[in-house]
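There are two complexes below, and they share subunit A, which is joined by subunit B in the first and by subunit C in the second.
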Partner chain A sequence: MTTARKNYQRPLDIRNGRIDMGHGAGGRAAAQLIEELFIAAFDSEGLRQGNDGATFEVPAGHRLVMATDGHVVSPLFFPGGDVGSLSVHGTVNDVAMCGARPLYLAASFIIEEGFPLAELKRIVESMAAASRAAGVPIVTGDTKVVERGKGDGVFISTTGIGVVPHSVDIGGANARPGDAVLLSGTIGEHGVAVLSKRESLDFETTIESDSAALHTLVAAMLAAAPGAVRVLRDPTRGGLATTLNEIARQSGVGMMLDEAAIPVLPQVDAACELLGLDPLYVANEGKLVAVCAPEHAAAVLAAMRAHPLGGRAVRIGIVTEDPHHFVQMETRFGGCRVVDWLSGEQLPRIC
Partner chain B sequence: MTTARKNYQRPLDIRNGRIDMGHGAGGRAAAQLIEELFIAAFDSEGLRQGNDGATFEVPAGHRLVMATDGHVVSPLFFPGGDVGSLSVHGTVNDVAMCGARPLYLAASFIIEEGFPLAELKRIVESMAAASRAAGVPIVTGDTKVVERGKGDGVFISTTGIGVVPHSVDIGGANARPGDAVLLSGTIGEHGVAVLSKRESLDFETTIESDSAALHTLVAAMLAAAPGAVRVLRDPTRGGLATTLNEIARQSGVGMMLDEAAIPVLPQVDAACELLGLDPLYVANEGKLVAVCAPEHAAAVLAAMRAHPLGGRAVRIGIVTEDPHHFVQMETRFGGCRVVDWLSGEQLPRIC
Partner chain C sequence: MKYIDEFRDGDLARKIAERLHDEAQGRSYSFMEFCGGHTHAISRYGITELLPANVRMIHGPGCPVCVLPIGRIDLAIRIALEHGAIVCTYGDTMRVPASDSLSLVRAKARGGDIRMVYSATDALQIARQNPQREVVFFAIGFETTTPPTALAIRTAHRERLSNFSVLCCHVLTPSAITHILESPEVRQYGTVPIDGFVGPAHVSIVIGSAPYEHFAQEYRKPVVIAGFEPLDVMQAVLMLVRQVNEGRHEVENEFTRAVTAEGNLTAQALVAEVFELRPSFEWRGLGEVPYSALKIRPAFASFDAERRFGLGYRPVADNKACECGAILRGVKKPTDCKIFGTVCTPENPVGSCMVSSEGACAAHYSYGRFRDIPVRVEVAA
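Up next is the complex of A and B:
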């Protein structure tokens, strides 16, 4: 493509330009936007192929994993990230939570007419940086434009594929009574960061989203004790409480948590109190929950703590036999309460 | 999952219910919507796994193809299809245009608060039917909800993966001077069908979208003359004219078309005249363009005509040497004109 005549009337005016309906119509304006903004930033072999899809090799002897996630976070930019980096981390993590090594991403953009090209460029470049840092290239994509008032800035749906060896069997239905429940670090930062930005709240310390790609942490955990990790999940929407309830239901088990063991940053705790939120239900974008065989929990935990994204990893509870599949928690005050699913909306458009 | 206690307070009220923000919050309401509506309709092994992604085997000895497409068509329902069936056909076709056999789909829904559950069900069931008919299951998905006025009913981004044998090399850069340009049938129905519905125009005959999955047509073409087909592309947004210009630019060639050979239904011709549209620029969703080696063009054309989706397949032109990469056309009146890219927006939100 690089040798072909481009024939655009003028370069994109990134500084002052805005998305118009023509950028989504599939003609010359769309081609120019894709080349000068998206392909320039993502710079992958797949995109340079310039076809309707990307073609690539995958290593033999593996099963394939595919995960997709729409990102509609509001506001688009928040402390610690933006919709671009989030859309990479969210999908890389969904693939990694199947025990897989993420290989490639596809990205579908739905952009509102009038959206400033400068902001789009910032988002796309953040996305490109997150993809490069994770080592997971964006190989194919699509861009649509909707009229002003029919969207909200930018929505990004990313789809990831990865490979998992046949020897790895990780899934939400694999937890067994007696298993250890591990958490990779403090909870609640992402949700509080987005909400405080949305509501223009100023806390003394800026709370940053924990948004991060967790696949190398997962790889370290799986290597530490092959076969030991049975369930992996990232507690995003609905928070830790909802994620643990999902696992309990899928596996047909209960759980008993230790409230005192669940780490929450003091500033997140304070912000949650102010906002009337329970950190257990607040979204995270750079944390994971693992259920693992009890005899290997110490080894897995040690591997987590040795990884930059697992420094505060802890054992937070145990899987129990429970025909009701309740997630229960011993409170700091010695009581015991049921930790239910999130009901209704606590934090809309958090990811 | 099926044996676990569901614990929903009441079943979804499909008839009168509407999407609320809670359906996107990742808690119990979201889980219920996903189970009772999406998993019930799509009914795939991947979704039943209930994990963050789907895991599956892919046949060895192939390259993988991945394609993604956002679908923002307006209106959501149009003669011959809806956003659900379109979102399957569009992505299946993108995978097929790489010469691949589509295997699996992922679907990301962005739904506007207040959207009627009954309409969502209709869309999801249409999507499920299209997926079953194509033999390409939806194995993983995601659902987000945005506030009223921040979306437009339903947007669906679908991502497909497929496999292509190492012996097949199809891409937009492969056209060579002398190659034949083939078209699988009449052009313009999809765009006119959507536009006439959008503008509430009543023509004497209802013009139906040609929306269809083209992968079996592609398979028949590739089998008819292995190695003969060099480029495949479906002329969607921007229409036939833009698609041919894309190929000409990617391959560094020109084209000479024969206007009289390009089939347009009389009612589409009439509607285009009324609406001030040129059928060459109107979107199709069930047609393809193929560039193939001239000595095998007759065999490929015969295979197309023998397929239900290629009955009106024709040779519409020839690839030429042209340093300017112009697509030109001999008109019905014996003249010759340049067929340029679509400039700006002709038909916004056509797919």
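Up next is the complex of A and C:
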């Protein structure tokens, strides 16, 4: 009879355990954390190989697209998502906004000593679910632990790789006077949802974050009218206003918006009114702005509306010739004003 | 939003605008909106576009952040950095430029424990939760934010909280209006023709409409108290034009849904219990204004941060090129200032009017600067 035990290892105490410095030290504890928590959840071919990096083929006729995004949202869990799902959606969207098909993700965790394993598991599983739903596997990663007080729970950096055909040219500098400005839906939900759970505010709301992966919406738009979409961008931090100003500056154009056309949920509108925020500057995590050739705007808009993430897509304005790159807006009230860059921080640590 | 959208109705606005164009004839009209809340509404909703060309709005000094002098911010920074206290304050105050290229935000980056709160009660709660630390509420604002500060001090007194104090910078609206009306440009030289005032909204809820009777009679200037919604402002301007045309100078109340003649007596009693008048207080842009601010009464002296930390006030001169003072008095427009939009921007405010979105310069920069430059909106097909 053999005395060899099955694993010679005591499993992680997910229910009561906490991260300690050993989990980041590269020894047995680190290996166990990676195996029992990360690989178990993400379960990708790349991770299972256990190498320092992942290798993959590049399809012919394509360029590679790479994007990276750090996620430091506070609180870690908010209505409609958490830092895990957000870290997948954020980077998938950044890749998609280049007109690319996202293929793989890399994830880097910076975890604070003392962080409960149960919460880490919840985050990792949510991340795995988001990655599976998007069809973009996490193929490589890293885990570091910092002393208590030197981090704030968990920070997750993700990097995405995607491919875009040579024929597709999408970039912030491509907007031309006369182009249509399209928006995929209502604005401000993510920022208000996160804010509603902040310790200092904690107000009752039914608003959920719009956090979502937008690459299939992008694919539908590009297929609807090849060559028509010139600029794609997701209005995250700084909101719609900041994104439009970025595009205007990059392209050397102005914009004229119609305030009445910009959709805002009544709950978001009310929360913003209460907190003194302008929904135009509040973050989104599942919306996109597109600038497209005016003659194809209707076709692109129809494709957006036919997609579950673009049901409330609208045309919100027009690109103008303007050496000062002003984004202006006809107000609902009948006046006109500048929609400026966000100045200072409206809401820190929103994503 | 119910009770909000009604006051942002574009069709009604156009109707009032038509009446204004009909009635504002044969002369020019200059009205000062005292409050930053009105300045913000005028800019954000593009009201200037709807007013006739001969009706000019002068943005007054009613933005609590804008009138806060550098020396006061310096005191708060000293409390945080030198005395190691937790300093709590309202969000806009964080970015006001202070001495040595500092601001509360920058002092925070240097290790000061400075926290943004939404109310004085939040600061009180932080004091309860941190009994080992000194917690100071940096209290700013006009009559609107004064009662909550008074309540926090009275509560701390009743609870015998020994680690809570208030750096009181509360200022008074009527004395600032008097100061503007008494300024040489307005009174003697007539270089700033102010034909009337759009009176404060939230301030008037607390103090009532009666305190303005004095200006209307003494200075023969009409005052129309108005709410902060864009239709309120349009309607108030129309009422002011009518008063001027009819040679009247009365206090009228457009904001009847919230403002009464006597105001909120409970709040007034609370303020009187905790605060007394300061003989003089420095306003950024206006200088020393007599009896224009409040200080904590001796009965509550232990909650007065100035006494507790033995702070002496040192006035600090504004940047020489800055025209905030003249802008706050309506003598100049933001674009008359050489450093507007060049050296002084919302990211790096030099003058107080650029700090808060309610300030005249920031409002013009953020919402109205396209008007300074002719822009081709028509596009080639």
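The rule we apply is simple: the second predicted complex is superposed on the first by the 335 of 351 C-alpha atoms of A that agree within 3 Å, B and C clash if a C-alpha of one lies under 4 Å from a C-alpha of the other, contacts with A are read in each partner's own complex, and residues count from 1 in each chain.
Note that a contact is a pair of C-beta atoms (placed from the backbone, for glycine too) under 8 Å apart; a residue touches a chain by one contact, two chains touch by 3 or more.
Because the structure is a prediction, the values reported are computed rather than measured.
Of the two partner chains placed by the overlay, neither subunit B nor subunit C lies in contact with A:Phe77.
When subunit B and subunit C are set side by side, the one touching more residues of subunit A is B. Contact with subunit C, but none with subunit B, is seen for A:Cys336 once the two complexes are overlaid on the shared chain. Judged by the touch definition given at the top, the superposed model places A:Phe203 against neither subunit B nor subunit C. Once the two complexes are overlaid on the shared chain, A:Asp142 sits against subunit B while remaining clear of subunit C.
In the superposition on chain A, contact is made by A:Met256 with subunit C only, not with subunit B. In the superposed pair of complexes, A:Val95 makes contact with subunit B only, with no contact to subunit C. Of the two partner chains placed by the overlay, only subunit C lies in contact with A:Pro177; subunit B stays clear of it.
Once the two complexes are overlaid on the shared chain, A:His325 sits against subunit B while remaining clear of subunit C.
Shared contact residues on subunit A (touching subunit B in one structure, subunit C in the other): 324, 343-344.
Contacts from subunit B toward subunit A in the complex involve residues 1, 3-5, 7, 20-22, 24-31, 46, 49-58, 60, 63-72, 74, 93-95, 97-98, 100, 104, 106-110, 139-147, 149-152, 155, 157, 159-162, 164, 171-173, 233-234, 236-238, 242, 246, 249-250, 252, 281, 283, 324-325, 341-349. Residues of subunit C that touch subunit A in their complex: 1, 4, 8, 10, 13-14, 17, 43-50, 95, 116-118, 122, 230, 346-347, 365-370, 373, 375-377, 379-381. Interface of subunit A with subunit C (complex): residues 177-178, 200-201, 254, 256, 266, 269-270, 273, 278, 318-322, 324, 326, 328, 330-338, 340, 343-344.
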